[in-house]
Structure formats: C-alpha cells, structure tokens
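After this come two complexes, each holding subunit A, first together with subunit B and then together with subunit C.
Up next is the complex of A and B:
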C-alpha cells in the first residue's frame, strides 16, 4: 500500500524493486508517450516544424510554381533594402507601442473598479468581455461601417461641430482607427485576467494600509499594482505577441491591400502579400524569421524588465 | 475598503465609478446595437446623415434577402462542421496529453511539458506561410481537412487540462490501480469525469476560436462553397460594399450563435481566461 502511495508522486527511481513494479513502470513510460503522441505530432507538424521550415525557405528563391534555388542571404539583403518592409515594421511596432500600454491600463482600471462592491457587476463584466468573444472579421466589418465618412462616428462628432475624416480612407487616420478597434476588442479580455489576479490579493493588506492612513490611491499604487505584476506580465507579453501578429483587421479593413498608401500594412499582412500577390516565398519566409526574432527580443526584454522590477520590491 | 460607508466622498467615488463603468459598457455595446439597427433599415434610411438610431418601420427584409444572395446557409454549415470537429479533436487530444503530463511518470515528461508550453510563443499568423505550403503539399487545400487538422491541438488547451488534472486526488487513482484498472480506464472513468467543468471551458474556448477563425479558412478555402461564416461575410463585403443593411444583417446573424453561447455559459468563458492568465 505504502509503495503504491509513493509511486504516484515520486519520480521513477523511487519505484520499489520488484518485477511487478518494474513492469508497471515500463508500461507507464509507454502510456505516457502514447497519450502525448498526438499533441506532439500535431504541434511539430503545424507549429514548430513550420517555424523551422520558414528558416530553411528564407535561403531560397521560390514562387511556389517554379523550382526552388538557393540564394543564401539574398532574401534578407533584398528585404532590408525594401522600403515597404520597413514601412510594415514601423506600422507593426507603432501599433504595438500604442495598443499594448493603452489596453493594459484600461483593463487594469476597469478591473480595479469592477472589483469594488458595486451594483450590476455581472452585467458590466459581460458587456466588457463580449467584444473579445466576437469574430474579428464581423467586428471589422461593423467598424468599417462606423468609420465610414458618413458613419456613426462622424455623426457623433458632428454633434460637437467636428467634421470627421474618412477614417479608413485617410492614410493619417487608418492605422489609428484599427488601433482603436483593437483596444476596444481586447481590453475586456485582459480585464478578466486582471480581475482574477485582483481576487487573489488578500483583503487584510488593504485593511492594514487603511489603518496606517493610506488613501485609496496610495493603496492602489503600493499594493494593487505591485502584487498584480504576474498578471501584468502575462498581459503585456500576450499583448505584444498579439499586436505584432495583427493581420485580420488590417487585411479586412484595407481589402487586403494594406492601404491607403500602405498605412495599414503590417508585417504579417506583407508576408501574406509575398505569397499570394507577389509569389515571393523566399521574401515571405525571411520576413517570418525576422518577425520571430523581433517577438523573441521584445519578449525577452519585457521579461528582463519585469524581473528587475520585481527584485526591487 | 475600511472607513465609514456613508460619507459624502464615499458616495461620490461610487457614483464616479458607476459612471465610468456605464460609459465603458455603452461603448462596448453601441457597435453591436448599431449593426442591429442598420440591419433593420432599408438602404435609403441607412444612409441618413446624421445617423438615425431607431428604424421606422422595422424592415426585416434584409434578413430574408441575404439568404438568397449568398450561400449563407452553406457557410453556417461549414462553420459548424469545422468548429465541432476542431472542438471534439481538441477535447480528446488536449486532455490525453494534459493527463499524461499531470499524472503519468515517464522519462522526458518535463521536457515535453516545457516544449508544448513554449509553442504558445509561436502563434498561427506567424507561421502561415510555411503552413500554407505544407497544406498544399499534403493536399489539404480547398477541403475541410485543411481547416481542421492544423488546429486539432492547442498548446493552451494542453496546459489548461494539465492544470485541471493536477487537482484530481491521487487516492482515487491509487484505488483504481489496485483494482487492476489500466491507464486508459483510469483516465476515462475516473479522471475525466472529475474535470468536466474544465472540459466545458476548453470546449467553449476552442469552439469560439474556431468559429471566429478568419485566417485559416482564408488560406485554405478558395471556392465559395467551402467558406466559413467570417470568411464569407468578408468576401460578401468586398462584393456588396455599399449595401450596409445587408452586411449588418449578415453580421448580426454571424454574431448570434456566439452571443447565445456566451450568455448561457459565460462563467466558463470567464474561468478559462482567468485560468490561462494565472500561470
């Protein structure tokens, strides 16, 4: 009995010596691999494999129709000399720089307010979360209608005597319009993550702070924000990965062109165009590799920043 | 918070909070309300500027017209086939792997766990080019398989199920082991029933993700009879881009299934997000 008890929680060598147990351990090994096999296989085939394959493809010139031929670093060299590539990088980076902090702050404020004892909390949580479960395609189309030159947004602005632009047709406003849409979609989702984090903070801390004379703002800044760091880290990383990958909204709102004047061409949209418009698989693969590097670097930097901040607490 | 509950400042703060929440909730719901409002207007009225909120009279004809203009029923069927297959596949595959990672001792388990979780850093958009080439090579373009197979497993799902199985008491399995139950039976008859709420959460998250997926059908389905609802609506938009009442009617219909699922099962949705955020 005791042997079986420990078999469940201890590691392999702790199995008592005996033929039955050894057989069991061997069988366990097989079952473990068998159970994880479908996941490992599919993830390798459609996630890790493709990531490695894009590295391989980035050294070849290929249009999907002709024969591949090896070109060395040529794709990267060409890409670096291509103004459109840098435009797409700038768009993606600016997009992430604006959207990630904004949605994180909005999500945190909404969560902090919603965590108070207020009426209709369930309704508010539902309303904020709903955009996050809706289809990005459908939402993009609804917002195209709202952003129309004679749409709801400009109708609203005209009440204040403001003549709004053609939001998606004007290169100075198109990317910002998509940013706003993105913040609108994801803030509620991250708010729920923050709410879960908030509920894990013990109420005694706030009571102690109040006894020490801390006001509402002080306990928010000194207790809530630092103790939420793990949630914030998760939200910032997910936000960065999500925004640097932005594709659906740009593609739909610009009808696949990244227009007007490439103002909404993101890196992922450019990769799509490299395959389906230009037939340049090598360029697309090289851009994919660079996108990975960008995401990896930014994530590592965020990780480092959060770690350092946590050390000082 | 500690402090007297009836002071003026306490009430003022509460009013301000409620005001912020109300404004926020309004801005979240207005786009949906506006699409519903537009879908109930004739074309002429939908173009009125400044915009009119209340359609008079309610015009339901857009909802009837779109079914004959585009194969909307077919798109719903496609979306349902794809989303249900993907959900069933994930429930089986993710929970098998999650169970093994949480419950079975085998060499390389920790490496596998780390490897699977790190796949979260490679979202689908970033590998769309190689995946497209792979699907083309496997002959999975222009059929349901191409929209299903690449998303049959989710690293997030495996992670979620592993966390769930870790909470199942070991004693139950020990008892079953003494009775001579094999791993498959222990998984199926003991562990799985204990994590039903987590399975619900997983099913909803996967179903919603698949139902809303736009990029994968865009890559895979060239012919319109294979389009799913989101892809079909976007293609519809590019063709009838001036008829907003039609487009909004289609948008309302596309949002409806998810809205119903969400309203009925909202606590599972919220739980899913909360769990994935708490790693």
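Up next is the complex of A and C:
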C-alpha cells in the first residue's frame, strides 16, 4: 500500500476576458495536462486504480478463481462478526501503540546525542541508520535466529541465569519480539529525520537560554523538543501508517501463518491470507477498506492535534 | 500460504524437493516409452514446433538443475516440443492463483494434495485429461487408486500422480540403545513408553518431536477407528469417540512432556529437530531421508511403519500429480510431457534417485528398494496409507484453525474434546456454506 500522497491542486490563474487569452489559457491547460499525464497515468494504474478496485471488490464474493458475485455489505457484516478480524485489529493497534511512541522517543534521544561533538559520531550515525537501509526480509530472518530457543538472546540471558522462552513460538512473546525488531529497524531512520530537524534550530536560541540560566535538560525540553514539532509530526504520522500496515516482519517470522495462535496476525497479514491463501477476496478487500478508514481517522486526529501545537511556532 | 504446501514448507519442505526431483528422473526413462513410440514417429513428420512451460515448486537449485537436465532428454525424444522450465519459488499455490487470474499459468503444473487442488479442479482451472488418456491408451490401473482419486473430480481425471510419500516413524537407533530400548515401537503403548524413556528435558531431548499440524495427528484418529471426514468428504467426523481417542493419545504425549513442538528445541520442523538429535522419534515422509543425508549426515536413523493403533494400522500419504492448466494453448504437447514423465520407465528412473516413493504399484518391487533397506518402513506403509486432502474451501481450517486448536490442547488451555468440537463446528460451517 502506498503512503499518504498529497497532491497539490493548482487552480488556473484568472485571465482577463477575451478570446486570445482564453485560447492561450486553454492551450496552457492542455500542455499542463500533457506534462502530468505520465504521472497521472501511473498514479491511476498502480495507486488509485487498485485502491478503487479494492473498494469495488469489498462488495463481492470472489475466490480469485470463480465468478464473482455481488453480496452488498455482507463482507463487512461477516468481518465484524469474525473473532479473527478483531484479533488482527487488536494486534495491529497494540503494535502501533507500543512501537510509535517508543521509536519516536528513541530516535529523538539518539539524534540529540549524535548531534553533539562526540568522537566517532559518524560511525554511530551509520550504525544506527544501517538497519533502515537493510532488507526487512533479511533482518527478519537474522532475528529469527536471535530469537531461537537456543539463539543469541537466550544465550545472553543465560549469562544471568535466565532461561529464555522460545520467543517466536510462544504466543505471549511473539508480538513483543516483532515490536522490538521493528523499533530497532525504524529508530535509526527517524533519527536521521530528527538530526535534520536539529540542524535547523538556530544556535542563538541555546546561547540565549544558557545566558538566562537554563541547564541542558531545560533547553532540551523547552527549545529542542518544541522546535522539532514539524519533524515529530512527520515521524509520528509515518510511524502510525507504517505500524498499522506492518506485514513483512509478521509474515516472515511466523512463516506466513500469523501464529502462534494468531498472536502475530496483523490486519494486513490477514488481508493477504484472505485474498491469496483462503480464497476470500471479498473479506480481504473489506478489511482493506476498514484499515484505510482506521488509518485515515488516526492520521486526521494526529494532524488536528499537532496543528494546535504547531500553531504557536 | 495455502494449506497443503504450507504444511510441507514448515513440516517437510524436503518433500517439495523430492517432488521436483521426481519429475526429473521420470524424464530419464522417457525414451523407453513403448506405446508412444509409433505415434512419435508419425508426429515428427507432421508436428509444427511448439513451446510449453512447466511450473512446479522447488526449494533447492540442485533439483532445478536436475529437472532442467531431464527435460533435455524429453526434448530429444520429442524434438518438436520445447519445454520452458519455470519453477515457482516460495508460496507456490498463491503465486499459481495469481497466474490463473492473469491468464498465463504454465501449461503443465504440479498439483499438490490439499485444499487448493480441490479448488483448482472445482473451478475448472485444470483440464480434464480423459480424452488424452483415452487417445494415447495410457493405462491407469498401475497407479495407486487412492492417489489417482485425489486428482479426480466428478468423474474426470485432472492429474497423473508423479510421486508420493507416506508418513512413517523415523527413530534414532543409538538413542534407543542408550535408553535400553531393544526395538522401535510397533504399537501405541510401546510408542508412549519409548517416548517416555527417551525424554530428558534437562538436555533438551524428547521422545517425539512433531508440529501440531493436522497431518501429524490425523493418522492417530484413523488408527483408533475414527476419521477426520467421511470418505465422500461431505461430513466432518471429529465428533466420534474413536476420533477423540486418537486425538487424545497424540495430545497426551505432549501434555505428559514426552513429545514436544519443534520450537521447543529451536527447530522449525520435526525433521530438523530429529536431525539435531533432540528427538528420539519423528513422524515423517520419505523427504526426510535426503534431508538427513545432506544436512545431518551424522544422525543415525531407522524407519519403521507407523505403530499400530487400537483398531487399525494406517497412516497418511501425500501424492503430487502433473496437471494441464485451462490456459494451455498446447494441451497435446503438455500431455506428451506428462505421459513421458509418469510412464513406468520414466518413474523408475526417477525413483532410483530415492527422493520420493512411486505412485505406481508395480514399482514397489524395484531393485533400488532391495539395495536401500532403510526405506522398508515407508514401503510397508505406502499401500495402506490414506491420501490426504480436503475439499475446496478448507484452506483456512486446515492451515490455521486446526493447528491453533491442537496447539491450545497441547498447551492445556483446551481439552482435546473441546478442540475437536471447535474444529468439527468450523468444518461443518464451511460444508453448509457450500463454498
């Protein structure tokens, strides 16, 4: 699924009345459309088209292989009565609620630390950013070994005399294990976003605060954090969208099952299973529409909340 | 992931390899096909060159190479047919479905046991082979009827079984000797007693390690005189006393600590746990043999038939077939390939690689099996095994629900009776919905 696309709508400049002007305006309009045509086509073909098609499919019963037939709201009704759907919603929401704040705070702290003149700063920036540029699939497989009953994590814990569980095989730990992995992979990326934001804060503000007697913690809390709001807004929104759409790590680490006992079944994994494994395209499409609405509402709410805070800048 | 294949990805992905390699071997023998020879000669003169594609699963480049090599032999025997071999890696049946939707499925495909193949047949995604079988006088009597029936729907044949493997009991003779057990178990009581003696949680060793998926416990139901569904697959039959007896026996091995799930010892499937020498026994198919030889050559193993239950001595088998897709533009050439790969001689060559067991009855007597006595247990189980499949619409039940219910029973969060009742209810709901 694509992220949020913001398309700026440009209205035509108001031309004075007159045939020559109108012709020119019309010609420019045509040229403008011509230039945007490739992007518009791609957008319709690969983003809006499939999105609208999934809306259409959510009202049909189809197994991919048989003839589809219209069932009205039936897919939604069935979905609302399905415990598995609510389990997946709960998993995705819990995942987002834990991962988004944690990764945001960690990214902020890392950025604040690495924005100072530390030795080997470049190395640490690279090291923290590295997970973001590596393949999610490869990292998931490496973490499957770390989380193995006899893996690295339990080996480390055994030093302290702790007998660790089979992290991914135990329904109580599987989702938390994936959260940990996800936080690790995304914090580094968001750290870079925060770093960019930090560069934009004028040094004079800190100097002035120092003269006024603010200590480092105070200038962090009163200057850095508020002035980073635009970056924070971006990171929180991207984090929410990303976590609610989490699929790959669950898919790989549970070997496509969302197990053990559905503990790692996220909404998108369930959508995949409905469509490609269980032959219930309608349920999958209906769940897609509901997930879209959920993400839309949460993003609008975040937007509204940050807007208020951003206003005072 | 679809059910049949998914099971094997986790439980015995070697089976996939096996199946791939299988086709390859059959090709070797192709030149020997007697009945096809005269037609070939005539066809050579009249046939325009055609190209067909063969799709299947593969989990190792070795099998893919082998298969590609075998196809060159076929092309020598049928010079006007060129075969593009396009194995699908990973999620085989899911990818295949998208190819069906796009209308560009390969001409010849592997048809797996399990829920998707039932859907493929029901939805007309595969071509009925009846007229080709008839026209080329291809005899079907030699195939195991059960294996063949798996690929029959409403009187039509949709696939010719290429190979199969039953589930038998693999055991570690050294572990048995050290535990003071003289011979591998032949009955349920001995299985439980041996599992108990082999178990030592302190060194992470268990008597039996198998996953909770239904092809690892359904055989216990049949041995107790029960079943999962009736033979016509119109009813769930998990609500019988016999079914409960078989299921409880399986679950109780875990409840008592004598059996364990693969993750308990850091393995992803039972065969791997056995290779790691964490399990004294594992229920597995022929695919475990090449896996052990390649990956865990130091693990000693023997194979005996599935231990006898209170009523029957039965087990499950997993046949795979070749089929022609409805999109094929060259069904005749596709049929020539299938006929070549599944002929008696073709299959003989294939079986001599030892990667799978035959779907032809006559091949049980191959000299290869005399030279490889370790396969005796599997060969004994083969004729009495139940080809495993589900009707269309059962993907979710067999791939997820059944595993979850069994896991809950193993964890003690549900009684075996409750778990069976839930599966029964879900299965009946699917049957009533007519999907």
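One rule holds for everything that comes next: the second predicted complex is superposed on the first by the 278 of 313 C-alpha atoms of A that agree within 3 Å, B and C clash if a C-alpha of one lies under 4 Å from a C-alpha of the other, contacts with A are read in each partner's own complex, and residues count from 1 in each chain.
In this section, a residue touches a chain if its C-beta (ideal position, glycine included) is under 8 Å from a C-beta of that chain, and two chains touch if they have at least 3 such contacts.
Computed from a prediction, not measured in an experiment: that's the story for all the values here.
J.: Is A:64 touching anything from subunit B or subunit C once the two structures are fitted on A? First, second, both or neither.
T.: Touch partners of A:64: subunit B and subunit C.
J.: Contacts for A:255 in the overlay, against subunit B (first) and subunit C (second): which applies, first, second, both or neither?
T.: So A:255 meets both subunit B and subunit C here.
J.: Which holds for A:226: it touches subunit B only (first), subunit C only (second), both, or neither?
T.: In the superposition, A:226 touches no partner, neither subunit B nor subunit C.
J.: Under the stated touch criterion, which partner chain does A:42 make contact with: subunit B (first), subunit C (second), both, or neither?
T.: A:42: touches subunit B, not subunit C.
J.: Applying the document's definition of touching, compare subunit B and subunit C: which contacts more of subunit A?
T.: Partner with more touched residues of subunit A: B.
J.: Have a look at where A:235 lands relative to subunit B and subunit C in the superposition and call it first, second, both or neither.
T.: So A:235 only meets subunit B here.
J.: After superposition on the shared chain, which partner residues are touched by A:136: those of subunit B (first), subunit C (second), both, or neither?
T.: Only subunit B is touched by A:136; subunit C is not.
J.: Scan A:150 for contacts with subunit B and subunit C and give back first, second, both or neither.
T.: A:150: touches subunit B and subunit C.
J.: Of all the subunit A residues, which ones make contact with subunit B and with subunit C?
T.: 64, 148, 150-151, 255
J.: Would you mind writing out the residues of subunit A in touch with subunit C in their complex?
T.: Touching subunit C from subunit A are residues 63-66, 148-151, 166, 168-170, 255-262, 273, 276-280.
J.: Per the contact definition, I'd like the list of subunit B residues that touch subunit A in the complex.
T.: Those in contact with subunit A are residues 1-3, 13-14, 17-18, 20-21, 24-25, 27-32, 34-35, 38, 47, 49-51, 93-94, 96-97, 99-101, 104-107, 109, 112, 115-116, 119, 121-123, 125-134, 136, 149-153, 155, 158, 170, 173-174, 177-178, 183-184, 187, 208, 211-212, 214-215, 218, 229-231, 233-234, 237-238, 244, 247-248, 251, 254-255, 258-259, 262-263, 266, 269-270, 273-279.
J.: Under the definition above, what is the set of subunit A residues touching subunit B in their complex?
T.: Listed in rising order, the residues of subunit A that touch subunit B are 4-5, 7-12, 25, 27-29, 31-33, 35-36, 38-40, 42-43, 45-51, 53-54, 57, 64, 109-110, 113-114, 116, 118-119, 123-131, 133-146, 148, 150-152, 155, 158-159, 184, 188-189, 192-193, 195-197, 200, 206-207, 210-211, 216, 230-231, 234-235, 241-242, 245, 247-248, 251-252, 255, 268, 271-272, 274-275, 281, 284-285, 288, 291-292, 295-296, 299.
J.: Write out the stretch or stretches of subunit C touching subunit A in their complex.
T.: Residue positions touching the partner: 1-3, 6, 9-10, 91, 94, 97-98, 100-101, 119-120, 123, 125, 204, 261, 263-266, 268, 393, 395-396, 399-400, 403-404, 407-408, 435.
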